[in-house]
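All remarks here apply to the structure that follows.
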Amino acid sequence: MSSTIIKKPFYLRPPWNILFEFHKLEKLTPWNINIAYLLTTFLREMEKTGQIDFRASGVVLDSSALIYLMKSKLLLKLEEPPPPPGPPKEFLPPPLFLPLRHELTSTTIKHLLEVLDDVLKGEKILRLGKTTTEPVLPTPSEIFPQLDIYLMEIERQMEKLYASLLERVKGTGIIEFSTLIKGAERIEAIRTFILLLFLAQDGRVGLWQDEEIEEIYITVGVSIAENGKINN
Amino acid sequence: MQKMERLTINHLQEEKRQRELALLEAALYVAGRPLTLKQLGSILKTRSKKKVKNLAKMLMEEYAKRKSALEILELKDERYVLQLKADFTPRVRKLVNRPLLSAGPLKTLSYIAYRQPVSQRKVVEVRGHHAYGHIKLLKEMGLVASEKKGRSAILKTTEYFADYFGLSHDTTTMKRELKRVFEDFSKKEINQAAKNG
Amino acid sequence: MQKMERLTINHLQEEKRQRELALLEAALYVAGRPLTLKQLGSILKTRSKKKVKNLAKMLMEEYAKRKSALEILELKDERYVLQLKADFTPRVRKLVNRPLLSAGPLKTLSYIAYRQPVSQRKVVEVRGHHAYGHIKLLKEMGLVASEKKGRSAILKTTEYFADYFGLSHDTTTMKRELKRVFEDFSKKEINQAAKNG
């Protein structure tokens, strides 16, 4: 038995052993491994001892590549932009508990009666308002008291709108308010709505609103009179 | 030895009594209104009216003994109140500047008082949608109580309301009182307006 | 004879002092908020701050001596307040005729006080949508006031708030004072947690 068989090859001794023990490699910080030094000394030692072993060279090559890979992964990681700083955490103070204190208040029965006077006046107005529920729709003068010219023209405008409605509802007999005023300016939309109220008062169109989507539906023609859904 | 024990027991009893008196005082102080024996009993965690009454009397005496600006009075129907002695009122009145309620809720309260028993629906109709919030506040403050009647809630003022404004606890009498004061007040207003006008 | 006279004078002086103490008590009772030496002085009809201070201290001691549920505290800037001792609060809370704020609105109030002037939008952002209701309540109670600024409302605590807690009316000083209160509170919380933990 020759001693050379028992003797470990040089590369299984430190520092080169690191290149042959992968599990150790994973525990080290790649930046602490000087590959150039390890490889130069590995080659020099191999030449010196004359133990030329291609398998060992292959393993060394593999390990070096792995270490490079680890280093470049770390580099890439470093290049990732740092996470944006989250909004600074708002300091939420604890609740301020109010100490219990008795406090005389300044409200007297006189104050109560002063305001009662106001409230009862309001009640009276409400009652008056109730007895004059007719007509349901406001008179034109209530809406546009100052626009005399517009009022004079109102009949003509109504006819115009009615004609346009008949044209647009065609077979269906119904049209949404939003469709009718599509693309119109705000003031135009308001005018159209008021004209619709007049037409409804005359019973020529029916109006009803879907409470959920707030759409107003306009029904035109005979069919309205038949379907009792008209809602002024 | 026996004497010592008795002393300790007496001492403990005395401490308990002191605590109960303080609790009674706390109740009367924060309530700022007359409290019944039942209400006081519920704070003291006892059902014995006699016990509450004894304690209340003790506290009354204690207050009477020290030369305090405050007094505890027994009212009729066995209610107790902690209040400022009347002679001090003029001297400290200028420190009282916080209204019981702001204008909105006060209006709603006045309406309920005048029209009671009145449905919540009616109150909201007259006072507007804000009245929901006012009614909630008035209930929380113990000025108004509600009673379910079918779908609607019927509103009334409470005894606390009557105590606060010095009105009768009986609703009919109270409404009469309110009406009378109101009429007097309106007359005065009219006279005032006539004078100014 | 001279001795008798001295006794009478002493007696008269003692009576006067008792009356002044009672007047002080009356003032603190009706105000329900901290009062300054100046305010107390105007009730006692004296300009001597020293005199008022001496009397206030005497009254404080008197209250401390009897086993009362009430206490008189001296706050910063030489202000005095009469209030219920905190340990009695849970037992008598239900008798209070004011909407007592629960923890939610109180937290919103703390936040507004701490960050003021602060936009309503910001408060809702931090405290959640419930804060709308809290702000409404706090305004109704006169603890918070709002000011329109463009589209947003800017919230601030009121003078009533400052008075209630015995804080400075000057916002900067008040915020510093509050910071200290909150820090004390946090420390207590931590100690409590450490004890419980």
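Each chain carries a letter (A, B and C) given by its place in the written order, and its residues are counted from 1.
The criterion applied here is as follows: a contact is a pair of C-beta atoms (placed from the backbone, for glycine too) under 8 Å apart; a residue touches a chain by one contact, two chains touch by 3 or more.
Quick caveat, the model's predicted, so the values are computed rather than measured.
Based on the averaged CA atom positions, which chain is farthest from chain A?
Comparing chain centres, B lies farthest from chain A.
Taking each chain's centre as the average of its Cα atoms, which chain lies closest to the overall Cα centroid?
Smallest offset from the overall C-alpha mean is found for C.
For this structure, which two chains have more C-beta pairs in contact than any other pair?
B-C
Just give me the whole-number Å value for how far the CA centre of chain A lies from that of chain B.
Going by mean C-alpha positions, chain A sits 51 Å from chain B.
Indicate the whole-number Å distance between the mean C-alpha point of chain B and the mean C-alpha point of chain C.
23
With centres defined as the mean C-alpha position, give me the chain A-chain C separation in Å.
A distance of 44 Å separates the two centres.
At least two other chains touched by the same residue of chain A: list those residues.
Expected reply: 100, 102-104.
Could you list which residues of chain C touch at least two other chains?
Within chain C, the residues that touch at least two other chains are 29-32, 84, 88, 92-93, 96.
Give the list of chain B residues in touch with chain C in this complex.
Checking each residue of chain B against chain C gives 18-19, 21-23, 25-27, 29-33, 35, 39, 43, 62, 66-70, 84-85, 88, 91-93, 95-96, 98, 102, 105, 133, 137, 140-143, 160.
Give every residue of chain A touching chain C within the complex, in rising order.
On the chain A side, the touching residues are 90-104.
Applying the document's contact rule, which stretches of chain A touch chain B when the two form their complex?
So the residues of chain A touching chain B come out as 100, 102-120, 122-123, 126.
Chain A touches which residues of chain C in the complex?
Per the touch definition, chain C meets chain A at residues 29-33, 81-84, 86, 88-89, 92-93, 96, 100-101, 103, 106-107, 109-111, 113-114, 126, 164-165, 178, 181-182, 185-186, 189.
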